[in-house]
Amino acid sequence: MSEILLSNQVIVYLLSESILFGLLLIAFIITLEILIKWDFGSYSEQQFRLERRAYLVMTILLFVFVVKFLLLIYFVFAIDSLSLLVPGAMCAAGVISANDYGMLLLLLKLLILFFLLLWMAINRYDLQAKNYPLFRIKSWLFVSIFLVIAIETGVDFAYFGHIDTLEPVNCCSTLYGQLEGANPLPFGLNTMILLILFYLLYVAVMASALSSQRVSFMVALLLFVFIAYYSVVYFFGTYIYELPTHNCPFCMLQKEYYYVGYLVWGALFVGTYLGLISSVMEIGLKVERNRERMVALALLSIFVLLCTGFVAIYYLRNGVFL
Amino acid sequence: MRNSPFFHFLTLEFFKERKKHMGVIAISLVILFLLSSVLFISSSIRYSLEQTLDQEPDFVVQRIQGGERVSVPTEWMDRLLEIHGISSVTARVYGRYFFKSKEKSFLIVGVDFMDEQSHKALRTIMDEVDLREFLKGDNMLVGGGVSHYLKSHFYPKGYTFLTPKGAFKKVHLFKVLPRESNLIANDMIIVPIELAQEIFGMNEEEVSDITFNVPNDDEWANVEDKISSFHYDLRVITKNDIKKAYENLYNYKGGIFLILFLITIVTFVLILYQRYSMVYSSERRHIGLLRALGWSINDVLKLKFFETMMVVIVAYILGVGLAYLYVFVLGAPLLREIFLGGANLHNVITLVPVLNFGILSSIFLIYAVPFVSAVLIPVWKIAVTDPKEAML
Amino acid sequence: MKKLLPIIVIVLMLAIITIIFISMAKEDQPITIVKGNMEMKALPIKLNHTNDTQCAMLIKTDHNTAQLAAPDGRTWFFDDPGCMVLWIESKTFRKEAKLWVHTIDTEQWIDARKARFGITDRSEMGYGFGARGRDFNNTIDYEEMRLRMLRGENLTDPKIRKKLLGI
Amino acid sequence: MIKPFYVAGSLLLLIIFSIGVHYISGDRMGITDRVNAVASMTRMSSPSFSVAYYEPRVGGTKIGGVEKAVNIAYPEMMPLDRMDFVYEK
């Protein structure tokens, strides 16, 4: 345990997370006060004070968002560098699975980032509208974000505190490799059908976005990110590694593969986030969010092109598929 | 952006009020400099050691009695040679030799110079070494620290070793290993393997331990398992164990430093908070004027945010740059001693420049996150200043 | 084009849903768990179609396999008695669960807690514990086997292997 | 943006640039090669830190959790650069 907690990256990471939590706690207390006392019709001194405090919450959240985003990258990087210390781990996959908190932590982080981004989008719209139409929604959203971040901070410490440097962990080939005789893909798909679905869904996402069918866009997007995850791990990844048996979502983040994983996963997740946010805001709040949607489509297209590109380049260079 | 009035104003203000920022930048500089220097030194040593690990054999076989390593009979080697998939089985003879009392010690390493690999390596270390000449008599190659120590103790030409059997063995100092190799060779004495055996009082059928390589990585676990079962007192050490030991060593030294450093960071944050609260309260009139001129709260926040970021970035670049100069150009005098220890021969190593995303981002995060967090609240306080302040 | 797009979307979504349903219907995953075994008796293992829960290997033969029935009727299968010991150790129902082993001498399912175990038998994971119905020279009981498994004192340890088998 | 800003900015860029130049053009391989050659010749890569006689050199000579360095002169005191005394085992 002491070895892990003394690792430079872990210290820096935990310190940053704690500071952010401290700031958010301040913002949380202010938000609660605002939610209780807020009265937009009032001209009292107190209402002005509350409005000024709302700016503090906003500033803190903007800062937290930026740092959380950087910290996610840093976290993955730190986990990757810990793989030397944890026996059996070849890449981040092993370290993440060193105890039960790891996967939970990663999922929480992705979730938090999505909600922070949603908050940003709502906040932006709210400020433009001048009379704060979404103020309460925004504040309640923040309250729930805060609760999730509180859990996340706890899990952070639990996770790093409970990595055993003597207990061997599995490496990615056992974690993501095929269970003997079993099919790791969802819905009993095979690779061929998975790929057909992948491209069909991509076309569906594009078509529904361009014809502004919001509900089907959202459904298609959710299905797409799910299928895309499996396609990358079980098909496109093998072309990145140029090894048909190597199934791992984490190894591609390493230097040997020119850190291409950050680009692949970044484009997929940010694209999906923006797409979801635009449709959530359009369906729920009846506001037009064309810009986010276009950026989302662009990122998803980059993602698909990148994945396809790896296969195409491999084929052009070697004349065969894996 | 070049002609944006906002940026014009921002930079104008930044330079006009530069006295205000100087103090903060100076404190930041000191903190960043210390932090970066320590991390640079530790990562540089770590990098060099990781490089040498590639030269290290994949496996070491030792004999353990009472938890201590004892000599291995050479017949163990024959057994290893029969195993399929194992290559370059080599014996190592080494041990520490204590110079009078137990004050200082050298590491004597026996090398088989007939071996292709050693031969080639020797060429890389020293171009004009005459091997035949070296092997003719009892000669040794010594590291920088050993050479210095022997000279200052009146053994300029060679040293007379006392073997456990009571005999004296006079060994001539042939050449000093180059300074660049000090990281691992500082206290080393390299002699032909037979001479090493003689100095340690071993007979010819004894060696310190046996090393070998397994070129196929997938076979590592298998081979380790197989060889462990040869003898009950046999221990196999893999390269991964050594890698982990280094990693831990540096996490200890760097990590303890970072934890102590946290205290400094907390103090720093408090100072910053205090200082910015003070500085900004003297600015109320100024901001009130801006607000009266039609700046929104967001505009003021943006102004102050950019100002803070400029301070952070300037301090970061200066601090890291200064640390780079100190560590990699000047060789980190004084500070490197923390990493080298001082209980044995004095060591002066040459640090290889190492910069990577891990260190640079760690330094940035541990500095910038507390900094901006400390400034946030004072910034907000000044940004929400009422326009009426301008009238006062 | 603008008019066509919604139709394309609908067709695409329908196609996707059909594909998913068709492949779900064909889904053919190996068994890892059987539910509803309330009597907690030994079930026949579907060979080549059942996964060991501990080591994720496919069970290809009945020889020296094991299974475990929890009080709530869930049953798991193992290709080696050692795997079962490792797996159940962290479970809350380890006292109440019924443990079955398929013996290598009498070839039948018997209660693991009453079985004897040889220490140098061939077993799927190489731990060397072979379940036996009859007491044979040099066999150990379940509790001893369990301890040896958890301590790692089995044939996978090179020194133990040397001691027992001489290699 | 005003002129002093450009001057200061370019000074900072110059610092970054000169670090980059030094980093790339530095004699990295020369140093590493020499160290590597010694490691390759002796088949040993244990760092030569100046440790006392009761402390082993990390790496090749002794490793694998068998030894625990304890100062025999002061058995109750651990060497300072070992942090075991801070953390209980």
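Should a chain be cited, it is by its letter among A, B, C and D, assigned in written order, with residues numbered from 1 in that chain.
Here is the rule we go by: contacts are C-beta pairs under 8 Å (C-beta built on N, C-alpha and C of every residue); 3 or more make two chains touch, one makes a residue touch a chain.
Source: prediction; values computed, not measured.
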Between B-C and A-C, the pair joined by more C-beta contacts: A-C
Of all other chains, the one whose Cα centre sits farthest from chain B: C
Euclidean distance of C-alpha centroids - chain A vs chain B, Å: 34
Rounded Å distance, chain C centre to chain D centre (Cα mean): 48
Chain C, residues touching no fewer than two other chains: none
Chain D, residues touching no fewer than two other chains: 83
Overlap residues in chain B, where contacts from two or more other chains coincide: 252, 256
For the chain B and chain D complex, residues of the former touching the latter: 1-2, 7-8, 10-12, 14-15, 45, 48-49, 51-57, 60, 64, 67-69, 90, 92, 94, 96, 98, 102, 105, 107, 109, 111, 117-118, 120-122, 124-125, 143, 145, 177-178, 180-188, 190, 211, 235, 237, 241-242, 245-246, 249, 252-253, 256, 313-314, 317-318, 321, 324, 328-329, 339-347, 350, 352-353, 355
Chain C-touching residues of chain B, taken from the complex the two chains share: 225-230, 232
Complex contacts: residues of chain C adjacent to chain B: 156, 158-159, 161-163, 167
Interfacial residue positions of chain A with respect to chain C in the complex: 174, 179-183, 187-190, 193, 196-197, 200-201, 203-204, 207-208, 210-211, 213, 216, 219-220, 223
Contacting residues of chain B [partner chain A, same complex]: 39, 240, 243-244, 247-248, 251-252, 254-256, 258-259, 262, 265, 297-298, 301, 357-358, 361-362, 365-366, 369-370, 372-373, 376-377, 379-380, 383-384
